[in-house]
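Each structure below is given as structure tokens.
What follows is chain A paired twice: with chain B in the first complex and chain C in the second.
For the complex of A and B:
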């Protein structure tokens, strides 16, 4: 729901003051949001009932060692200094060390993030390629049977718990029909055969020209993509429908019809052109929400992405890893918000 | 219906009067028109039915399912649906029908708690921000925007990590990530009221800002907030179930739908009913609220259609 407000929020920056001022305000607002994100994770990190010093030295360390590490970590300083240190560390890409993998959290995330990107990207593709035409169709046939069917299907997509739908998909398409592969990114016996170059399984296997593994990866990707894509489709379709309905009511559409243009050209040539700008914003925001929706989907499909990393770290009380993951997802969110704002300014001729 | 009795006809005329005799009549008449409009929308009526069903089931849970949702019968583990256990049994031999029925109470409890926390916070932040304006407005709205830009589920996860799992903590985590839109709605509403004559009149009588905000502005924002809440209910239900599924919300043996799905996951391939049935319950609850919210928006904001 929050997403719907972003178009006016973007428009706020575009008011008469001109581009430079708008850009400046945009930068300030992004910086403040990022600072807010860091502040929230900082607070969470302090509230956690886990002693960060104990976590590092172990509970059998001597008191002197404990004290020395405490001083090293700067935990004796005033809070604002601690926050400043924390901020500096994060800006340098230091998100702490994972207790479980004993590697820097940043490296862990670099390792897990591509799987999430792969999932979210393909799901967004599904959402765009199906959601937009379907949404346009619903708008054209507004109030008729087709429209009602599409609206209900989209609402179900909004309402269904994605983790449950994933389980049902596995039950039907993996267990009973055997059309797709089960959880994970590859069958176990293919694991580790391909060097991770980009981390994106389809690209890596294609680069290595391992076509068997490529098709295996596709078969693993289809179901989680479809499930997550349905969610994205529901959102994109709904927004497309309401944008299109607004356009089809305008007078220029009537003019185009009176001129004798075919309905196809009226809809796709005239009305849709004006819908594209806000739609770009919608797609960017939908992509952001998929990065998040991936948390539950990845759990269901044992998909080794950032979401699975965050939840598993959570159960192992690996707080640096949880907060690191939160910061990365949050930053991606902020980045995509910024991107959609910028695209809105660049694409909408009225803002020039 | 065309043969309506005269008294019905008089009632209808009274409701649709062009010149209502009292404020009450006008209000009832407007409500009647809205209800007619709402009733013409089959999806909205279906949604209302589902929500009413959910509430009735939660209220009458002990009557509808007399057994205890915690009662185990290890001799009857993982039984498929049958006459004795309508929806089968789970891995501890508990009756799934009973647990799903009682689960509606857990879900409603969480949803209502979130609403009780979120609406007043949003109302307070929004009205203060909108009424006072200036730097207060700037600061409060900046904070609201920051929270709006966060990924909600991930942030809720991080909060639960900090304060521990459990129903109440999950509620707090959801509330922390849900309040910003309410502040925005309340602020927008306040801005339209702020310079109206009756507020000016109260101000000239010497009422303090606090009094104006609490007694005169805030009550008028409540109805927009309620609509917004209806629209958000489905999202809250799904987030709560998601946290339960991850093991971060309601803890076993509570009959929470998301947690039940998580348990059923281990038996998914051979005992499908354990995971499937609680999911259908979640779907019905959240779909009901979504349909209802959609219908309400159609009635109250015809522009959106």
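For the complex of A and C:
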């Protein structure tokens, strides 16, 4: 996405211990990023060859109804005026109303985004906790059997369609082995029994001390998390491996070995320390792309997340919903980029 | 690494400890269905397939089709009716003793209010009532309560009474609880905001909740006029992916699944715990040929195209069980249906016709079709058979709404789409296939005939006469005649009528899916 480049650039200004100028430039830069993001999405929404009035009133509305709604939606005005009106609304905190849910877009996002956060966070955890050590192992045993096995597994994770993998996972672990629950975030009978506080099912059920429901939510989460986690793992593992191979070739590694350090310290203490910095970006990007919504996974697992919401809205030319969703995803991207830049500082002494 | 592995193993074990529920509760019906099309549950606005089904179970209509017999129009909230001699006034006798979910009695006042509300809100399906001559200004004088249980309805044109009564069986004729609706009125919106996701009906079920893209939950209404339904709760769960629906039914986590494709249905064969039911539906699938294209405006070409479709081949292969060949604009199984199917695949005949028309080598043509099942498959079959006569079809796949947008702008060459009747009267389809009062580009009304730029003043007159004909037999003849004409020569090549296949657990009985999207009933279901 467009903001990927500009946001880290923006973040750079944050670093010299909070200069006012830096902060100002950061804010301007973020604002411009958002403006660009909204403008691009807005234009895309207007050039989509789907009549937005059609999405709202359907194919059979009388001409009078059609015309009235077209005027209500402001579609008779020039594009720049529509955009200006939309910006004004956003600044007042009004993201409009969604056609497909009949609810304010803001409420929709509060409802759908946590489902995505929950999935993306656990998937990224799987990716980091397994992907990094496995990637390091592949680099250390480069060219040997272990490396080949890991590379093939990662390649599979990279190239097999998630849609297919999800269905196969359901077939095996839900239908045949009965290890996990099926599609959805909860068994339907538990639906609505726990009041949403954070929207994150595990936290809400734990807060309510509804442990049966908590475990049911876990059971629903395991499979989609494992499948998305596999993808994230494949990416993180490959990147870790190539970063590590590069480091292990460096002279300082040879020096460390000559000094008689244990291989463990050479790998984890010296080489990995230098890999951590670029890895932070890899992990942040991978997390952000999952937050954008794993549409296919969400479809297979009937997971009411943001990706599904945005896609469906786009197919309905429901531009308010698409813009609202995009702003949220954009914010997540910018936030994660800032965070990874801050982590750079912490991890890499040279940047202090 | 070892720690990690044990963590993974632990997670696996935790999952093992909580196996998914294998059976749904005895008094609860769980339906898995794609319900992403629901945008409102207000009967004055609902016009989506899934939404129509939901309100059919929540609201009772003035006239109705009951699940026991989905072909016969009977009184719903109205017990009986009388038609005045001039045919313009219908007096409705309301059934005594009916109650809304709130406990309020159902009165003539509620009936009148419900119709007023539809006209005043003027949402998409309002045309079904406004075509009777009602406007926001006159509806209160034309539709009124005479006493507690008598309502009087006056129309401004000489329409056939059967037509008017059929209109009163549509979703917009759902009777809403006036008191409850007005309690939730905001800024004079007649309860519009509230009604989107709440209910005020007298049907077999009340709405407990609707969560977009997740679920709709119903609760049985104990005081329903036919008695309380056997199912205490009905849960319609959104499962967008048909393959996932199949897993749910096989696993026992759903009682009924609704969106399986023909090959998934075949995959269930041999499973004696799951039974597949077929319900004939009234959707008509057709090709539309734009008459602005001079090649397609040639009657010989139009006829040739009719001989280049492998109707039966498709119905017997990838569409098996879900579509049957039907070549007239009004579906079979209903009043005035025309069931002749003279056309079949005949490449030689088509070639001869194309040669006569001056296209011995055929031509290139674009076909707009939705990019989902079964449209893409049908489009590919058409591409293959038309290609045999030199008509080179290039398929333009797109989102369905995109196809319709292009169609409404008359920018297509050939389009593959479907049409489902809005109410069970042949006028519902004649109005769009056989009427085109203004063929100019600026025309406000865009019936299917207009979209294909088919200028038909005579047929339009005939359709206008048919809807006014009060002699039922004569009226039927008029519709049969129009269908035969359109079958022989028109921009429409009508291909199929569909059948809904529903997979159910063997113990789940009594689910009824009537011919239209809004005659699907849960109230007879037992487990």
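Quick note on the criterion: the second predicted complex is superposed on the first by the 261 of 352 C-alpha atoms of A that agree within 3 Å, B and C clash if a C-alpha of one lies under 4 Å from a C-alpha of the other, contacts with A are read in each partner's own complex, and residues count from 1 in each chain.
Criterion: contacts are C-beta pairs under 8 Å (C-beta built on N, C-alpha and C of every residue); 3 or more make two chains touch, one makes a residue touch a chain.
Only a predicted model underlies this, so the values are computations on that prediction, with no experimental measurement involved.
Of the two partner chains, chain C is the only one touched by A:99; chain B is not. Of the two partner chains, chain B and chain C are each touched by A:175. In the superposed model, A:63 makes contact with chain C only, not with chain B. When both complexes are overlaid on chain A, the residue A:144 reaches neither chain B nor chain C. Contact with chain C, but none with chain B, is seen for A:183 once the two complexes are overlaid on the shared chain.
In the overlay built on the shared chain, the residue A:222 is in contact with chain C alone; chain B does not reach it. In the superposition on chain A, A:33 contacts chain B only, with no contact to chain C. Of the two partner chains, neither chain B nor chain C is touched by A:89.
Using the contact criterion defined above for the overlaid structures, shared-chain residue A:316 touches chain C, although it does not reach chain B.
Residues 48-49, 167, 170-171, 175, 299-300, 315 of chain A touch chain B in one complex and chain C in the other.
Residues 1-2, 5, 9, 29, 32-33, 36-37, 40-41, 44-45, 47-49, 148, 151-152, 155-156, 158-165, 167-168, 170-171, 175, 242, 245, 288-289, 291-293, 295-296, 299-300, 310-311, 314-315, 319, 322-323, 325-326, 329-330, 333-334, 337 of chain A are the ones touching chain B in the complex. The part of chain A that touches chain C in the complex is made up of residues 48-51, 54-55, 57-65, 67-68, 99-103, 108, 129-130, 133, 137, 167, 170-171, 174-175, 178-184, 187-189, 191-192, 215-216, 218-219, 222, 299-302, 304, 308-309, 312, 315-317.
Every residue of chain C that touches chain A in the complex is listed here, in rising order: 1, 4, 7-8, 11-12, 14-22, 25, 28, 30, 36, 39-40, 47-48, 122-127, 130, 196-197, 209, 211-215, 217, 235, 237-241, 243-244, 247-248, 250-251, 253, 398-399, 401-402, 404-406, 408, 422, 444-446.
Interface of chain B with chain A (complex): residues 43, 142-143, 145-155, 157-164, 180-181, 184, 231-232, 234-235, 238, 241-242, 245-248, 258, 261, 264-265, 268-269, 272, 275-276, 278-279, 282-283, 286-287, 289-291, 294, 304-305.
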